[in-house]
Each structure stands twice: as structure tokens, then as C-alpha cells.
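Given below, in the form of C-alpha cells, are the structures.
Okay, so chain A shows up in both of these, paired with chain B first and chain C after.
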Partner chain A sequence: MIISVASGKGGTGKTTVAVSLALAAEYCQFADYDVEAPNADIFLKPGIKNIKKVTIKHPYFLTDTDKDFSGCAKFCHYNAVAVIGTEVLFYPQLCHGCGGCILVGPEGAVREKDVEVGEVSKGFSRPGIDFLEGNLIPGSMRTTTVQNELEKMINRSGLVIIDSPPGNSCSMVMSVKNSDYCILVTEPTPYGFNDLLISMDVLDSLKIPYGVIINRDGIGDTVVEDYCNAQNKKILLKIPNDIEIAKCYSRGGTLFDYDKSYKEKFQKTLEEIENSIFQ
Partner chain B sequence: MKQITIISGKGGTGKTTIASNFIKMAHDHIAVDADVDAANLHILLNPIIEKQEDFIGGAIAVVNENCINCGKCEELCRFDAISYSSTDIRIDNLKCEGCGVCEYVCPVGAIVLKKEKQGQFYTSNTEFCKLVHARLNPGAENSGLLVTRVRNAAEDIAYSQDTKLVIIDGAPGIGCPVIASLNGVDYALIVTEPTLSGISDFKKIYYVAKFFNIKTFVCINKFDINPKNTVEIESFCALNNIEVIGKVSYDENVPKLLAQKKFIIDYPDSPAAKDIRKIWERFEGYFYG
Partner chain C sequence: MKICITSTGSSLDSNVDPRFGRCPYFIIYDIGSDTFEFIENGSRQSMGGAGIQAGQVIAAKEVSAVLSGNFGPNAFRVLQAANIKMYSGVSGIVREAIEKYKNGQLVETSSANVESHYGMGKNS
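So, the complex of A and B:
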């Protein structure tokens, strides 16, 4: 069973919730799909045992062969190759590594080399929690390539908790698309509400069931709660606004470090989710 | 003309709060919401849409009935987007990056690339300035491309109206929409918070800004929730010659006023309002000097 934790707006408490679920479950695989800004390791403190580099292939052009590379420039859908006279200009930032220029270019004159875009790492956090994390190299745009590598390491025979990146674009969809259930974490402000509605649209179109956790309940308004009640959207849990929780978080503490009773609350949430999936 | 992008790495550190209050205090400016899949700037700015355009994103491959199931496309697709069985070929729209390799290798012309509308972008009027913003279709790709479109539209207006300042509210993370929002700007303002997560993501986004050679400033939001971490951010900045342009106090009025769709700077006695005004005054020299 895969449960993903997502949110349109950033900083609403995805990682706090995902980490709490993993600790409440005690036995699970935990995967941090927020490869641009992974933070779950701060709270789960895994000993990393295994690191694998994620690479894509970039072309290089043997221009001393006097061959015509203009076909490569014409083919490239990302404008990563330009040919001016006999000179080939290559823009690595734009290259997706599709290999098209090798197919269309002069035979043998376009070669490839591996370029690192990130890494995926594997470790254990306390007995019972298998920890996976992706890390994009700053400056690279290959977020989904790193996520794709994580996807290959998921073992869905047991419980899997996925911590998604914020937003509602492709990297969020990559994180939630295989899940049996998604938890949307939001905060009761107009920003939180606006972005929550977009995330609901994404999950509706993917036909993934979901419920809502309202974090920092009490800081703003009641629009999120009123909407969920009116539209029959499940509110799984409300976590009250409390500066002490924020301070505990700032030091790398979990919700359970602050108040042990949250363990039971999250176990109930897990149970509720399981029941709703297997009803 | 100067352009500044407000970024953070970690989400929810206060980018839009800083951006919207800057927009209210600035003059001769234009605003851009570059967080196209979770845009929020419009909530306080209340835009009236003047012009609306479709965003046609990158292409994706579509298989038609001519397919002879030879499997060549699957073999050459580098994005694991094609699954091949003895009965059919399937393309995973999410994984397809529209590179065109499958279209090129297909011996019977059964795959064509198609472009689709993936969102919209708008030029709007607000009480303070023009706003260029967008809506990416939920779950769509190419958010970076849409950010570039939005910024080009803003630059066109800025050049024709002799605008002095473009304020760009960026997305969280360090990936393609963020890089698109930083491309060619004069300044980056990183809004961070003194939490271990905030610090970790701050360093990543700083390396991105540095990679693109952009003059970077740092604002530490809610600096008083963890003084020790605030000192750590300040020493990192000192070591790397980054100017900490200001610190903003933890202030519960910020979300309360947001819920009423009000600007924090309109409540001058509020601690965060004082801090944000101070930061703006420091920036004015860079923007209008």
C-alpha cells in the first residue's frame, strides 16, 4: 500500500506528517520524493548505507571530422544544439539526454558521455523503516529523472510512505501517481486553500482517493474546513497552531518528540486510511 | 530596468508575503507570479484580467492505429515512457518528454508528436501595478517553459513602458521553474527560516543562484523562533559574502491579516511590518539608485 503526502502550497507540513506516519507505522518504506529540497532525513536520521549516482547522457560532437551536424540542431526539440558554419554549440542546461542527435547525426561523429544530475540513497531509520531519498544537483533541471530512479526502488508489497515535493506540476504527479491514497496537508489561509483546490483537481483526474490534514489550525480562517465539510472531503486530522511545535521542528524534532500522544492519533489516521482503501 | 526574483528552496518560508508587500511599496514596477502551479500573488493583489493567452507547452508522443508493434520505439526511449507488449504499445504521458526519437524511428509513421494547451497566462491590472500571472493545468509539465513565457510578457511591457523594476515571486525548490525564474535577473532574494530544513534548502538554492552568477541577498523570516539557527545562517552568509538584507520577526498577525486579505505593512505597529519596511528601504537604493 502506498500513501503519498502532498500539498499545493509549500511549507504546510508535508514532511512533518509523512515522518509522523512512518514513525506511527513502525514498519514501512519511506521515500523522500522532494528531490529538490529533501528534508525528511533531518527527522528520521537514517544511516545512509548506499548511494547511487543518477546520470543522463549528453552528446559531444567530433567536429574535426568535417561532417555536417545541422541535422542534430534541426532535430533537437529542446534547442540544446545549434550549428553555425562548422561550429557546433551545445547547451547542456537544455539537453534532456534523449539520444536523438546520435540517431540523426553523421554516423560515429556524435558520441555520448555520462553527466551526473543527482543521486539516490538508501538507508535505515530505526529498525523497521527503510529510508530512500533522492537528491538533485543544484543547477540541474532533471527532477523527474531522479524521481524515476526512486520509483524503481519502491517495494509496494508493504506499506510505503512517499513525501512529495510542493506544487501541482509534473514532479508532484510523479510522486503521487502510484499511490493508493494521498494525504493533502494544508494550512487554513487563503494561500493554503487556493493551492489545496488545485491539488484536489490533480488527484481527482488521477482517480486517487485522498483526505486532508489541516496543520497550524487556528492561524487564519475556517475556509478550508468549511469547504471540506460542505463538499464531503474527508478531514483526517487537525494539528493546532503552536509555536512550541514550530520550535521543536526548527531543531529537527518530530511531532512525537513534542507530544507523545500524536503517535496514537497518527496510528488512528493510518487505520482509517486502510479501512477506506479496503472497504 | 532591474529584475529581482524571490526564492527560498523550502516552501512556505514567506516568499509571497515579502513579494506582495514589496509590490505595494514599490513604484514604476511590474509584478510577475512565477509560481505557476501554485500561484498565490493574485489573492492579495486582486487583478483584473486585461489579456489572456493560451500556453501551448512541449509536445508528447501519440500512437495511432498504423502501429505494427515492432517495439523499436520502446527500445530507444530513454525516459521509460513506452511500454511494449505483444498486443500494443503504450505511452506514459507523464514520462514522455516529447523528444521525438520514437516518431523518428517508427518505420510506419504510427507515432506523431502533438502539442496541447497546458495552461493560460494573463496580463492584469491591479491597484499597484501590472501583474503577469499564469495557471498551469493541474499536473501539467513544462512549468519552466510557462515561467519563461510569463517573464517574456512582463519584459515586453516593462520595455515599452520604461518600467524600473520587475518583482518576480518564484516557486519553491531548485528545479526547472526556479531556474527559469532566475535566468538573467539582476538580483535574487532568498527568504529562509531558521529551521534545519530551511537551512538545508537555503544552501541548495544559494548554490543555484551562484551557479547562474546572480547577486544574492538573504532575508531570515521568523528569525526569533530559533536564535542559534539564525546565527548559523548569518555566519554562512558572512563566510560566502552574501548580504543579509534583513530579518523578520515571528508575527501571528501575518496569517491573521492574510485571512482578511490585508497587507501586513498596513499595520505599522506589527513587528513583521516594521521589519519588512526596513528591508524595502535597504533595497530601494539597488532598485532605483
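So, the complex of A and C:
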């Protein structure tokens, strides 16, 4: 069973919730899909056991052969290749590594080489959490390539918790697309509400069931709660706006360090989700 | 000799568009015959690399100079490879920009003057 934790707005508490779920479950796989800025390791403190490099193929052009490469430029949907006369210009930051230019270019004159875009790490965290994390090289655009590598390591026969990056674009879709259930974390503010609606739209399109956790309950307004009640959207939990939680977080502590009773609350949430999936 | 001006419209009375890769039209003006043609910029809506694609289109037109508001680093590389001179900071009516060029009042730019993605709307 895969449960993903996502949020349109950043900084609403995705990692706080995902970490709490993992610790409440005690035995699970945890995957930090926020490869541009992974941070769940701060709270789960896994001992990283092995690291694997993630690479993509970039083309290089043997231009001393006097062949016509203009087909490569015409083919490239991302404009990563430009051909001016006999000169070939390659823009690595635009290349998606599809290999198309090799197929349409002069035979044998377009070659491939491996380019590193990031790495995936594997470790173990107490009590029984298999920890996975992706790290994208700063400046690289290949977020979903690194996430794809994480996906290969997921074992959905047990419980899997996926911590999604913020937003509602490709990298979020990659994080939630295989889940049996998604938890949307939000804060009760106009910004949080606006981005929550977009997330709901994404999940409705993907036909993934979801529920809402309202974090920093007490700030802002009641618009999120009113909407959820009116539209029959499940509110799984509310976490209060308490400076002590922030203090605890900034020391690398979890919600359970702040208040032990959260373990039981999250266990109940997990149970509720399981029941709603297998009803 | 032909020059290219990035334009908001299809006539010489249109305004110079400040973006190279994502301008709506290119005016290709022939100085010798005082005639012009316009081409719609098909790269305008591309996801990325608009300047790279537009640069190749302009290079194929065999112009010797491009007048625009700004050139990003990707477009700059293409136009430089095609030996096309670039004049940035050009604004106002296309017709007047051509006059300034003829009178030698424009200064050739030797490097890209904006970052990638300038023309995608965040700055204008």
C-alpha cells in the first residue's frame, strides 16, 4: 500500500506528516521524493548504507565527418540542438536524453555519453523504516529522472510512505501517481486553500482517493474546513498552530517529541486510510 | 544586405519587441531594395529554447544583423555561430530603428544581455 503526502503550497508540513506516519507505522518503506531539497533524513536520521548514481544519456556530435546534422536540430522538441552550417551547438540544460538525435542524425556520427544528474540513497531508520532518498544535482532539470530511480526501489507489498515535493507539477504527479491514497497537507490560509484546490484537481484526474490534514490550525480562516465539509472531503487530522511544535522541528524533533499522543493519532489515521481503501 | 528586427506586429510601423526568442514577428528588411517581409515567430510558444530555434530560422534568412531589445545566452550562441551581428537595447518604431541602424547610431552587443527565460513573461 502506497500513501503519498503532498501539498500545493510549500512549507505546510508535508515532511512533518510523512515522518509521523512512518514512525506511527513503525515498519514501512519511506521515500523522500523531494529530490530538489530532501530533508526527511533530518528527522528520521537513517544510516545511509548505499548510494547509487543516476545518469542520463547526452549526445555528442562527431562534426569532423562533414555530415549533415540539421535533422537532429529539426527533430529535437526541446531545442537542445542547433545546427548552423556545419557547426552543431548543444544545450545540455535543455536535453531530455531521449536519444532521438542519434536515430535521425547521420549514422555513427552522433554518440551518447553518461551524464550524472543525481543520486539515490538507501538506509535504515529506527524502528523498522527502510529509508530512500533522491538527490538532484543543483542546476539540473532532471527531477523526474531521479524520482524514476526511486520508483524502481519501491516495494508496495508492504506500507510505503512517499514524501512529495511541493507544488502540483510533474514532480508532484510522479510522487502521487502510483499511490493508493494521498494525504494533502494544507494550512488554513487563502494561499493554502488555493493550492489545495489545484492538488485536489490533480488527484481527481488521476482517480486517487485523498484526505486532508490541516496544519497550523488556528491561523488564517475557516475556508478550508468549510469547503471540505461542504464538498464531503475527508479531514483526517488537525494539527494546532503552536510555537512549541516549530521549536521542536527546528531541533530536528518530530511531532511525537512534542506530544506523545500524536503517535496514537497517526496510527488511527493510518487505520482509517486502510479501511477506506479496503472497504 | 538584409537585417532582422524583432517586432510586435507585421508592419514597419509596429513597435520593436524587446524579446528575441519570443517576439511575435520578425521583420526582414532589405536595405538595398528598401523592401521587407515579415515572418511569424513559430518558436514563440515553445516550452524552452525559443531563442535557439528562432536563431536558426533567422540564420537561414541570411541576415547580417538582428535588432532587438534583448538577447539571451542561448540565442546569442546561435547568432554568433551564424556570424550575425546583434544590436540590443533597441526600442520604439521598427522604421525608426532601421533608420538608426543605417545612420550607424546603434552599438553592436558583444554578449548576451539577459538571462535565459527572460522572454517568458516574468520580467515584462
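Everything below uses one rule, namely that the second predicted complex is superposed on the first by the 278 of 279 C-alpha atoms of A that agree within 3 Å, B and C clash if a C-alpha of one lies under 4 Å from a C-alpha of the other, contacts with A are read in each partner's own complex, and residues count from 1 in each chain.
The definition used in the following text is that contacts are C-beta pairs under 8 Å (C-beta built on N, C-alpha and C of every residue); 3 or more make two chains touch, one makes a residue touch a chain.
Keep in mind that this is a model prediction, so the values were computed, not measured.
Judged by the touch definition given at the top, the superposed model places A:Gly99 against chain B, while chain C stays out of reach.
By the touch criterion stated above, A:Ala73 is placed in contact with chain C alone, chain B being left untouched. Of the two partner chains placed by superposition, A:Gly108 touches none, neither chain B nor chain C. Applying the stated contact rule after C-alpha superposition, one finds that A:Gly128 touches neither chain B nor chain C. In the superposition on chain A, contact of A:Gly158 is made with neither chain B nor chain C.
Applying the stated contact rule after C-alpha superposition, one finds that A:Thr15 touches chain B and leaves chain C untouched. Taking chain A as the reference chain, the count of touched residues is higher for B when chain B and chain C are set side by side. In the superposition on chain A, contact is made by A:Gly85 with chain C only, not with chain B. Comparing the two complexes, residues 77-78, 93 of chain A contact chain B in one case and chain C in the other. Residues 8-13, 16, 35-40, 43, 58-59, 76, 78-80, 94-95, 97-101, 104-105, 113, 136, 138-144, 171-179, 193-198, 200-201, 204-205, 207-208, 211-212, 222, 225-226, 229, 250, 252, 255-256, 258-259, 261 of chain B are the ones touching chain A in the complex. Against chain A, in their complex, chain C makes its touches with residues 43, 46-50, 52-53, 55-56, 59, 74, 77-78, 81-82, 116. Chain A meets chain C in the complex at residues 73, 77-80, 82-85, 87, 89, 91, 93-94.
Contact residues of chain A toward chain B in the complex are 8-12, 15, 34, 36-37, 39, 42, 56-57, 75, 77-78, 93, 96-100, 103-104, 136, 138-141, 143-144, 148, 165-174, 177, 187-191, 194-195, 198-199, 201-202, 205-206, 216, 219-221, 223, 243, 246-247, 249-252.
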